[in-house]
Every structure is written in structure tokens, then in C-alpha cells.
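Next come two complexes, and both contain subunit A; in the first it sits with subunit B, in the second with subunit C.
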Partner chain A sequence: MPDKILKINNLAVEYRNKGKYLRVLQDINLELDSGEILALVGESGSGKSTLGKTILRLLPDSARIAEGSIFFKGKDICNLSEKDFNDQIRGQEMAMVIQNPQNALNPVFKVGTQILDVLYFKSKKQKSRKELKKEAVEILKKVGISDPEYRFGEYPHQFSGGMKQRVMLAMAFISNPSLLIADEPTTALDLTVEAQILNLLSNLVDEYKTSILYISHDLGVVVGLSDRIAVMYAGRIVEVAQTRELFDHPNHPYTEALLKCLPDYKKTEELQTIPGQVPDPGNYPVGCNFHPRCSYSFERCRQEDPRLEKIASEHFSACFLNDR
Partner chain B sequence: MFIYITKRFLWVIPTILTVLLLLFSLSYLLPGDPADIILGPRATPEMAEELESRLGLDKPWYQSYLIYLQNIIKGDLGTSIFRDRSVLKVILDVLPYTVILTLAGMGLAVFNGISIGLLAANYNNSYFEKFLTMLSFITASTPTYIAGVLLIVVFSVNFNLLPSIGIGDGGLLDSIHHLIGPALALSVGWTGYIARLTRSSMLETLDQEFIQTEKSFGIPRYYILYKYALKKAIKPIIAVIGLGIGRLLGGAVFVEVIFNRPGLGRLIVDSVNERDLPLVRGGVLVAALLFVIANLVADISYAYFDPRIKQK
Partner chain C sequence: MALVEVKNLKKYFVNNDGLLYKLANKGPIKVKAVDDVSFKIEKEDTLAVVGESGCGKTTVARSVLRLIEPTAGEILYKGRSINNFNKQELKAFREDAQMILQDPRSSLNPRFIVEEIVSEPLYIHDQIKDDLNLLDRVWELLDLVGLSKRYSELFPHELSGGQARRVGIARALALQPEFIVCDEPTSGLDISIMSAVLNLMKKLQQEYQLTYLWISHNLHEVRYISNKVAVMYLGKIVEITDTDTIFNNSVHPYTEALFSSLRGINDNWNYQEHEIIEGEVPSPINPPAGCSFHPRCKYSFDKCKKVEPELKEVEIGHLAACHLYN
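Take a look at the complex of A and B:
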């Protein structure tokens, strides 16, 4: 069994809202092998971005970890001081690519300046920016930016969305991280550009042997990319399985419903939807969070919280139907 | 960038022409006959006629407007009625004092305001931040004349640290010593305003996604705050500095009167009281020019801070 790069135990995250703490994440248990791509899938508001930001400590001050721990390469990173975390983890071991490339680069600085600064702090201020420029140009070439020397002196608004996302990937991989958190990196892009970026991402993963936590709402995107998929609903992980297994034998009713929502271009029948909406934190129902929208729900679903349990080899699901 | 600056320069022309038209119409808009008001009830008709022709009031208004424009292009602002000297000379004598006072006031306001605003943004949601916010509210709502009188009472009368009147003997140190009080009085209102603007602009910028990106790539907090966020957040502040120069020129009138300093503001007030029409026109024109130039500089520096403007 390969080493676990990331291990999350019983994590719960709360937000302070009008003096009260609201749980937005609950009972999160997740493991990531090194070199593995794990997709985190769910509707908007299911807490998948919050989980990504929790790992990198990017949540606002009003959020706190209420329970649980996060182990990175066997080390509890929740206990690191903010300074140590910044020096040792961010930009060294982990990096993050965010959803909207339009707003991911600072509009008033040259792209080159921003890349050089990342390299500069990665090198712990040991190398001068001049020395680093070569490295930076090299990585820009690698992510498919033509004429990188010239592009270096341009501003983000002179780049297209796809180009910006390439720059983001360059900045993320520049630090050769062990773990990349990709928060819907292709959602804001055209379909063709999306395919290019996904291609680039898998090439980079092969080259750098980086583990990825790929956050997406689109099962269709992650199917060709990920090794395993974790499905989130209303702040909980409801099902985890190998990608193929999840598509072939979805166990949780929510996963099943999500899969039915995937459009199939060969068929012309009407698209399926899941009735209702993801509840807001603070309005979570008693019992299984999904039961109000679940067509299989029964008495027990309205009273108890289901826990993630093993139902087959490397397949976990949180549903009482499995106990019947 | 060059095109942007050229365009911006060309816009100055219609602005100045409008100001000139307004200034010119002053002599028609003011109630009563200008010559009578200036000369008083005991003037002979000959004296009135002579003055009217000197002021160009005996010709139709469009003709005298053209003469007025011609003279201004030649650099001739007319002759002061009571000082018997060229208006331009009278103004140039006092202008440096006002310019230095305004720049010093603005410099203090910008430096103190941005410092307070940055501290407040950095320590957001703490008691220190609440104290700073209150401080900026108080300074923002203190009128210049109250600040001036307070400064004189505290620093000149009670502690005898600063001189209360005049501009000093001409030596550099003495001039600066005399400038501190007036410049502080002038800066107080804008310090609070700029502090509040800096704080909100910084908080807004820190909330943006690219700050999260920079953070996630391991760029330290101080670096994000003072390099990445500040350059983005400073834009609205640059914009108000242009406006602020105009407001400070207005405030300089009070400060010059309270601290008994020579200056453009006081000259305009005096000339209005004396009904010295050419001097009023000249003084207001120069003040308007200063205002326009300040805005021009602000706009151009704005382009420096936002590369997207350069292209438009």
C-alpha cells in the first residue's frame, strides 16, 4: 500500500454567524494516496470548496475547525503556527488553483512579477529574481504559453481565460507541490479550452507525480481524470469509491441521482433533475441530510445520522438502505 | 499611454473656457453697476465712464469677452483697481505660499490617512481598529477652522511650541516651523477621509480571489498586504487626491486667515470685499487652473496604477 499523503479524521468546520457557530462540514474522513487524483463532487453549497480551503487554511477568520485533524505526510498540520504553515506548507508542499481565472491573478501586476514572487518565496529568498527568471520562463513554456519571454511583461487582462488558467497551473506546479487542490479549475472555461486544460493537468501530474484533490460539480469532467471519487452532500461525504466502481455501481441515492442528471448526447429524452435544493448550513434536517430529497427515505432516515461505512472493497457509503 | 495623456490634456481646454465664461459673466451677474459700487456714491460720471472702459463694460458683452480672452492668452489678467499693479504680479507674489501650504497639507493627509487606514485594515475587527475608525470619524468631521483654532490654542498658547501667525523670516527651518500648524490644520479633514477610504478599499481588495491565490502559493502576509493589495487598493485614493487638492485650496482660505499667512485664498477673499473685479477674476482663474492641473496629475497617475486604463 503506498503512503497516505493526506489523511483527514472526523473533521468538522464551523462558521461564526451572529454569535452562533454553524457547522458547515461534519464527519469528514478522507484519505489520499501519493500520486492519486481524488475528485470531490457535489452540488453548489455542499461544502467541497470549504473543505479544500480548510486544508490550505484559506478560510476567513470567522471559521474554525471544531473537531478532527488533518495529517499531511503523517504530520498533524492543524497544530502548526500560521508562520510555520506558510513557510512549510503553502507554496512548498501544497498549492491551490481556483475556479475563476479572470480574478485569480492580480490585475495591477505583470504576470511575470507574480510568477517570480512565487518562485522567490519558494526558494526561501535564497535566489535572486534574475536567476529565477529562467526557471519561470521554462515552466511557462511547459504549460504551453508561446513566446513566454514577451508574455512575461504583460498584464493579466492581456491573457485569455484559458491562458490565465495555464499561468495558474504554472504557478502551482512551479513549487513542485506534493498536493494540488484544484477548485473547479475548468468551470469558467469554454468546452474546448476545458479539454486542453484537463489534458495539460494530467500531463503535469504524470511529470511531477503530484496528488490532486480535484473539486468539481461535474461528474462528466472527473470521470476521465480521477482515480477515485468522493461525493459530498450538505457538508458530509456520502460516498467514496473508485471512479469506475462509482459509475457502475452507485450505492448512495444521491450519487445515483447525480449520475442520472448527466446529459447523454445520444439520447434525446428530457434531462433529469433532483427536486429541491441543498439545505443551508443551520437548516440541515434531523437525520440524514439528504432524506427530504430522497425517493427511498424511510423512518430511520428521519431520525439518525448515517455514517460512512464500508460496503465493498474500497467502496464506502453513508446510507441506511445498506443495513436493510 | 501617450494617446491617453493627450486626450486628457485636450479635455482641459473646454473646462478652462467654461471657467473663463463664468468668470467673465461675474461683472454682469453681480447686482448693481460695477463702476458705481467700486467708486462709491460720490464719483463723477466721467470717472465712472473711464472705469467702465478700463473694465471693458462699455462694449457689447461678446466683444468684451473676446478682448478678455485675447488678453488672457497674452498673459494679461488686467490691473488691480486698488493695488495699481498687474493682477498677475499680485497673484504670483502670494501663489507659492498657497501651493506649498496645500501640498504640505495634502502630503500630511495622504501619509497619515494611508497609515491609519492600513493599520485599521490589518487589525480588522479588533479594539485597536475600532479606536482608529473612531479617530478617523472625528478628524473627517472636524472643519478646518476649528482644527486651526484648536491647534493654536494647544500648541501655540498652552505649550508654546509652534508660532501662531505669519510665515517666518524666510529661512528654511523657520518657514517649516511656521508651516507645521497650518498644514496640520488643513490636513485634518482629509486625513480621516483618506483613512476610511484606505481601510474599506483594502478590505475589499483583501476579499478578492487573487489574494487567496497569492496566499495559497505561500506568499507571506506582509508581502500580500503591502505589495499586492496596496497597489490595487490605492486607486480610489489617488482619484480623491485630485478632488482633495481643490477642497484643500478652499480650506486654505480659512487657514490663511486664521494663521495670518499671505496666500491666494486670502487674496481672493480680500479682493471680493474690495470689489476689485479684475483681481477676483484673476484669482479665481488661477485657483481653477490649479484644480484642473491637480485633477490631470491624479488621472495620469491613476493610469500608472491600473494598466487597463492605459489601453483605453
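Take a look at the complex of A and C:
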């Protein structure tokens, strides 16, 4: 059995709002093998980005981990001091690529300078920036930027969105991280450029054997990228399965409904809709969070919280229908 | 007679302000946002315009309603040229032709409540008989888009993205138009809300015999909603035909490339073995000579670099601009 790179046990995260704590993540249990791409999908407000930030400890001061633990390579990272976490893990073992590459690069520094910074700190300030320049150009070339020598001296606004995201990927992979958290890295990009970036990402993963937690709302993207998928709804993980298994045999009513909502070029039947709204964080219904919108809900759903349980090999679902 | 006919539409944005430009004496910068685009939309049809960002699809949408003045070309609505409309005629035209804007939130006035937003077109076009009936009409419109009466008293910031979108649709329907320009009406919406909006638009089309010009970059959605598709690249239409043909028998290499990035959830595929198209869309300020797609095209030959291909019929009702087919 391959080692687990990341293990999350019973995690719950709360945000402080007007003196009260609102629970935005509840009962999160998740494992990630090394070299695996796990997609975290859900609608806006489901807590998927919060989970990504929790793992990298990037939550704002108003948030706290209320319960549970996160183990990274067997080490409990929740109790690490901020300094240790920064020195050992963040940017070294774990990296992140965010949604909007425009905001992630500093507009007043040349792209090359920003890559040199990462290399400089990676070398523990031992090598001079001059020595590292060749390495930096090599990296630009590797992520498919044409004319890297020239591009090295340009500013972020001279790069297109797709090129900026390539630079972000390059910077994330410099330290050869074991875990990359990608928070909707292609949402702002065009179709053909999106395909290019995801192709690059797949190849980098193959080369570096990095695990990826890929956060997305687009099921059409993750189907071609991920090994496994975890579906989130209202702060909980409702279903985890192998990618193909999830699409062919969805178990949870939410997953099933979501797939029927998705316009697909091969689909001819009427699109379904899910009645109602995603509940606000902190205002979740009693019982299963999905029951007010679920067409199968029965008495028990209104009273108890379903837990994520194994229903087949490598397929977990949190629904009482499976107990019936 | 087609409901809407666009003939050789051109829209160039020219920038010659700025002291530095004048000092450098480089001459004005010309962006050919839309360059010689022609198409027809028949009544009750949905023409989808697809393409990557910067290809000019939103500029086409705005020109068709004369929200921006075209540089050249003619737009016919019910056989009459809207370019020469005077103020009154234009106002009458705007009663018939409405638009759903791309950003659901910023297209609603933050100081108006929903009732005021939805009834504003009625005020502008003098269609109010008395105030009591007005509220009924607003409720009726909100009901049409699936919002209950209580929403009429809310401000836009109190609405979710999907609700704000529905208010935008209700406002567009207020004057009972025949023609609606929809500029990416589902972008930024969650899957479940997106499907609700798509179903709503389809239902409204059948009920009120609406005609749509549908701007989108989501090909799955285009398949679902439209019966004609125009593919744009750098300000030009490269292929235009009915939806079934474009999904099954497209001929232009750009269409082929665009649709090759299309995969369904039921297909077995992954990004690693995925055939991808190299490069990015060039800048419209300085487009390549000849066919503007040739630097990215795997079939390109000598002629493509020099001669610009014309949009020609490859079979009945199927036009493409590519030298491979001439």
C-alpha cells in the first residue's frame, strides 16, 4: 500500500462572526496518496477553498480549527509553530497555485526576478542571483514559454493569462513539493489555454511525482485530470470515489443531481435542476445538510447527521439511503 | 425574411490620445475588434457565437443593438436598417430588442430595489397605465423567472448570483421583446443554477417565440440551447452553420481545435494524452498576415500566410473561411 501523504481526521473549521463561531467545515476526513490527483469539487460556498487554505494554514485570524487534525507525512501540522511551518513545509513541501495569476505575481517586479527569489531562498541564500539565472531561464523554458531569455526580463502585465499561470506552476514546482494545492487554476483562462495548462500540469505531476489537491467547480475538467474525486456540499464531504466510478455510479443524491444538471454535448435530455439554495454557512439545517433539497429524503435525514461510510471498495458516501 | 441581418459589420477601436503617442508620432493604434462579419438570424432561432476571449463576440453583441456605433456595415432588423434610425425609431427598436448582460450584479443598479429595476423599462417606454397594475406586472415577471413576490422589495446586494441573473432576465422580458441578446448569461454561475437558467431561457423561448443571439464560450451549453453556431476568431467568423453540423462535421481547423478541447463526462480521456493546440490568440492590434489562424494551424501551407481566406459555402447552409476548402 502506498504511503499516505496527507491525512485529515474529523476536521472542523469555524469562522468568528459577530462574536459567534460559525462552523464552515464539519467532519472532514480525507486521505491523499503520494502521486495522486484528488479533485475537490463543489458549488460556491461549499467550503472547498477553505479546506485548501486550512491545509496550508493560510486561514485568516478570524478562523480557527475547532476539532480534528491534519497529518502531513505522518507529522501533525496543526500544532507546529508558525515559524517551523514556514521553514519546513509551506513553499517547501507544500505549494499552492491560486485562481487568479494576475494577483499572484507582483506587478512591479520582473517575472525573472520573482522566479530568482524563489530559487534564491531554495538555495538557503547560498548562491547569488547571477548564478541562478541560468536555472531560472531553464525553468521558464520547461513550462513552455517561448523565447525564455527575453521573457525573463519582462513584467507580469506583458504576459498573457495563460503564460502567467505557467509561471505560477513553474514557481510552485521549483522546490519540488510533495503536495500541490491548486485552487481553480484555470477558471480565468480560455478553453484552448486551459487544455494547455492542464496538459502541462499532468506532465509535471508525472515527472515530479507530486500529489495534487485540485479544487474546482468544473466537473468537465476534473474528469480528465483526477484519479479520485471528493464532492463537497455545505461544509461536508458527501462522496469520495475513483473518478470513473463517481461519474458512472454516483451514490449520493447530491452527486447524482449535480451530474444531471451538467450540460454535456452528448446529452439530449432535458437538464435537471436542484430546487432551493445552498444553505448559508452557520445556518445549516438539522440532520443531513442536503435534505431540504433532496428528493429521496425521509424522516431520519431530518434528525441525524449522516457519516461518510464505505459502500464499495474505495467508494465512500454520506447518505442514509445506503443503510436501508 | 430574417429577423436580424448583419452585413459586413466592422468595428475598429482607435486609440490616438496621449501625449506620448503623439510625440512618438507612431500614428493611431487600430484594434480590429470586429472585421467584416455577416450573418442572419431567423425568427425563433438561437444563434450562438462562440470563441475565445478577445475574439470580438461581445462587440458583435453590442453593435447589433447599436449600443456602440459600428465603423462600417449594416444591421437590418425586420428588413429595416437600424444604422439610420433616428432617436424615436431607435427607442421603438429597443422595445423590441433587449439584452441580458454578462455580469449579473454590476448590471443592476445598487440603489434600486428589484421592483424599480424590473419596472424601469416600463417607465422609459411609457407603458404604465396605473401604479397598482404596475406591481402586479412586476410580480408576474418575477414569477415568470421563478422568483417569489417578496424579492420585489430586495436590493441587488441581497440577491445571490443566480437570483440577480433572474432579475436581469425579468427586466429584459418586461417589454415583451422579440429579440434578446444574451451575453454569456451563465458565466460565473454554479452548475445547478446554470442548468436552471438554461431551462428557463429555453422555456421562455418556446412560450414567447423569442429569438436569441447567444454569446458564450461554454460549448456544452451551446449544444443545449442553440440551433445555429458561429465560431469567431480574431474579429472574424471562421465557420457558421447549424449546431448539429458544427458538432459532428466541422471543417475549419480552428473549430476542430476548439472542439477537440471538448470532452464529455462520459468519455474516457485524460489531459496527458489530450491533443492540444499550441500557442495563444495573437493580439488584434497586430494580427498575422493572411489567415489569422495560420501560426497555430497544423494544416497551414504557403497560401495561408499571404492570402486571407473568404467565408465561402462548403455545402448548403455551411460556411467556412479556409483555403483547404477552396
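Structure notes:
One rule holds for everything that comes next: the second predicted complex is superposed on the first by the 319 of 324 C-alpha atoms of A that agree within 3 Å, B and C clash if a C-alpha of one lies under 4 Å from a C-alpha of the other, contacts with A are read in each partner's own complex, and residues count from 1 in each chain.
Methods note: contacts are C-beta pairs under 8 Å (C-beta built on N, C-alpha and C of every residue); 3 or more make two chains touch, one makes a residue touch a chain.
Keep in mind that this is a model prediction, so the values were computed, not measured.
With both structures placed on the common chain, the touch criterion links A:Q92 to subunit B but leaves subunit C unconnected.
Which of subunit B and subunit C touches more residues of subunit A is settled by the count: it is C. In the superposition on chain A, A:V13 makes contact with neither subunit B nor subunit C. Looking at the shared chain after the overlay, A:L38 reaches neither subunit B nor subunit C.
Legend: residue contacts after superposition of the two complexes on their common chain; A:F109 is shown touching subunit B, with no touch to subunit C.
By the touch criterion defined above, A:V24 lies against neither subunit B nor subunit C after alignment on the C-alpha atoms of chain A. In the superposed pair of complexes, A:V223 makes contact with subunit C only, with no contact to subunit B. Contact with subunit B, but none with subunit C, is seen for A:Y155 once the two complexes are overlaid on the shared chain.
Contact with subunit C, but none with subunit B, is seen for A:C261 once the two complexes are overlaid on the shared chain. Taken together, the two complexes place no residue of subunit A in contact with both subunit B and subunit C.
Across the complex, subunit A is touched by residues 125, 208-210, 212-221, 223, 227-228, 231-232, 305-308 of subunit B. Contact residues on subunit A toward subunit C in their complex (touch as defined above): 43-44, 160, 162-163, 190-196, 198-199, 201-203, 206, 217, 219-220, 223-225, 244, 247, 257-259, 261-267, 270-274, 277-278. The touching residues of subunit C, when paired with subunit A in their complex, are 52-53, 160-161, 190-192, 194-196, 198-199, 217-221, 223-224, 247, 257-258, 261-272, 274, 276-278, 280-281.
By the touch criterion given at the top, residues 53, 56, 58, 61, 86-87, 89-92, 94-96, 98, 100, 103-109, 114, 117-118, 121-122, 155, 157, 168, 171-172, 175, 181 of subunit A touch subunit B in their complex.
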